[in-house]
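Input: structures, listed below.
Okay, so subunit A shows up in both of these, paired with subunit B first and subunit C after.
Right, the complex of A and B next:
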């Protein structure tokens, strides 16, 4: 593994038991979200799951609701996106964070939020 | 790494790794089948199609796991323990295997199973010692998956 491929600071998220992450540096805000809070793309949609209350995360352009999250400081090894997955989830995969429990998808929030919005519209 | 085969050898004359996925047998050119791996718990990828069961890390690389049975429109499995690691110039894929029958020479008049879809990258019917097989064309199947996933 190339030690130059690392990421510092993660927002580790869960949706229905599935794990994914965003680069902490790209996240502008974190807040609570209720079913009555208004329409926002839900990460659960990408896994075919119904909505539940969760956490709202935003960057400069978009927003997404996840079930739960934790902010993790420190540096983590980052693995590349396989060619076969380059178009998956609207091209929102930025890599995979290598952890002891297996690779965790690292997503680009704007692209993933747009992908989930498109799924919810179908 | 060079994947070229000696020019005097035909597809059928080369050794193929034969394996079962569901009720069907498949064969992959031996030089493309890097190894047979035991599958760890898989990481599911959001938005992935149903034939893409998940990924796992293998020697510093993320490897997608493909359920051939589901990809080809059949009944997919849910409890695969092994997979055949297929490697082409642009990356690797793990193809789920319910049984691995070893390396065999495949015989027969081979033709693509379809003009379109993933079957366009399978040839058959091939005759192996363990039964009729569909021969996977690794580069074509890889590119098909890269375009469609």
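Right, the complex of A and C next:
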């Protein structure tokens, strides 16, 4: 396997019953979010779910609220994205990470936050 | 005035036969003396003078004696005294007694005068004493017959006088009251009359016969006449003497008999007429029938009987009328009373039945009252028990209220403590949450650092698990705190409700206690009242029993009374019929007013 096709450290997130992950290196901080904390893109919006309090993850340019998350250290194989799916979710899908519980989509926070915001605008 | 005139001169008129009888007797005696007394020649005028003198003297004395017994009648006739009832009754008594007075006076004067004449004549010289004695004998012989004749004549006049006095102003009953009717000497009078009427002629005949015998013997002794001539002369001479003297005596006797018969017969005839009148029922004016002795008694009895009969009839008529009216009223009243008694009996029977029913009801009421009394006593006991229980309940309620209040205060305090615990747990939870975030970020940074930060990531992960464990514990604590809060809130509400309930329960218990106090008081009063009612109902029972017995007795008495009323009604009807018959009988008598 190509080492370029591995990723070091993941932030495994949940929104509703859906699981997805971000590369730990792309996450700047983790905080708490309440409904009264102001408008922030919510991952639940992408699944058509109502907002609930959760964790706020941010990078240098965007933020996203997920229901819960955990940090998974270690190296995880990264499966590439088929071409037909390269523009899925606003082009935020970076691939699939194979975890002990199965493959989890790896998203890019900035694109996904923008996608969710765009969905919220729609 | 007229009364006085009616009675004027009656006192003399009534005794006039006395003087006349005396003169008739003198004539008879002189005639008899002429035949039987040997008058000494030359002394005829002297003898006549003696007779006239003594007769005049006797007549004067006799008139005076008789008039002295008629003083009241004389005064009334002269109007010297008022004709009062008493005076008239005295006059009646005088008139009734005057016949006997004249008889006794005449008889006495005849005896005395005859003796005086004989004695006086015997004193004349040459007059033998036998001639004087014979004169006295003639007076004694003629005196009773003439006295009887005078008696009978005066008696007739006396009756006339009595009638006139009665007509003056006396009622028959006043005349009857004035005259005593106790003397019953009719038999004596008849015996005396018979004796005188028989003895006088017989003694005269015997005296004449003796004198003739003496004359014949003397003539034969003297030889003056032959026995045949003497017999013829004696027969003729004796016949003349007998005819003259005997005829006069016989006339007097017959006159006496006629007067005596009239004296008895006339009143009896009037009495018979009066009796017939009374028998025919014509009453009211009893006729005065003057009479003597038993006849007068019969007359008086008849007058009294008629008067009493008139009075009785008047009373009987009034009584009959009243009895008739009263009996009719009684009959009507009896019918009403009978009807009333019948209704009363029926009503009393119903009343008696009702009373008996009342007595039974009273006994039942008394029994029920006794039961009620026992129940009232039981209720009083129960009320007293209830009162004590209510008091205990009230105290318990108060204690429960106090306990509830303590519990409520404790729960409030507990709630405050739980809230404090919650705030602490919330604070811990915030710290744990922040620790979790810090641990996440630390683990993220450790992960970003790769192999170098692996140990850091492990520590951060352990810290995070610890924080999550704390948060899980705080969530559990919060849940428990919420449950405790809910429980304490429920406990607070429950205790507040319990306090309110105990408050209302205590108030209710207070009211229950007060009510039970009232109930006890009322029960006491009720018990006393029921005792009084029981006593009263027992007394009422006794009273109604006695009333029932009394009503039974009254009913029996009323039934007897109704029977008696029926009998009385029948008796009244009979009495009414008898009253009618009595009035019819009385109406047959006519009472002249």
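One rule holds for everything that comes next: the second predicted complex is superposed on the first by the 117 of 122 C-alpha atoms of A that agree within 3 Å, B and C clash if a C-alpha of one lies under 4 Å from a C-alpha of the other, contacts with A are read in each partner's own complex, and residues count from 1 in each chain.
Everything below uses one rule, namely that contacts are C-beta pairs under 8 Å (C-beta built on N, C-alpha and C of every residue); 3 or more make two chains touch, one makes a residue touch a chain.
All values reported here derive from a predicted model rather than from experimental measurement.
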Worksheet item: Once subunit A from each complex is brought into register, does subunit C clash with subunit B or fit beside it?
Response: fit
Practice prompt. Applying the touch criterion given at the start, work out whether A:93 contacts subunit B, subunit C, both or neither, answering first, second, both or neither.
Written response: first
Practice prompt. Tell me which partner A:31 touches in the superposition: subunit B (first), subunit C (second), both or neither.
Written response: second
Worksheet item: Between the C-alpha centres of subunit B and subunit C, what angle is subtended at subunit A's, in steps of 10°?
Response: 100
Worksheet item: Which partner, subunit B or subunit C, is in contact with more residues of subunit A?
Response: B
Worksheet item: Which holds for A:72: it touches subunit B only (first), subunit C only (second), both, or neither?
Response: second
Discussion item. Looking at A:9, would you say it contacts subunit B, subunit C, both, or neither? Reply first, second, both or neither.
Written reply: second
Item to complete: Compute the least Cα distance separating subunit B from subunit C in the superposition and give it as a whole number of Å.
Response: 23
Worksheet item: What part of subunit A is shared between its subunit B contacts and its subunit C contacts?
Response: none
Practice prompt. Would you mind writing out the residues of subunit C in touch with subunit A in their complex?
Written response: 433, 437, 440-441, 443-444, 446-448, 450, 453-454, 457-458, 460-461, 464
Practice prompt. Quick one: which bits of subunit A touch subunit C in the complex? Just the residue numbers, please.
Written response: 8-11, 24-25, 27, 29-32, 55, 69, 71-73
Discussion item. Show me the residue ranges of subunit A that touch subunit B in the complex, using the header's touch definition.
Written reply: 1, 15, 18-20, 43, 46-47, 79-90, 92-93, 96, 98, 102-105, 107, 112, 115, 119
Fill in: Contact footprint of subunit A on subunit B as seen in their complex
40-48, 52, 55-57, 60-64, 90-93, 142, 145-149
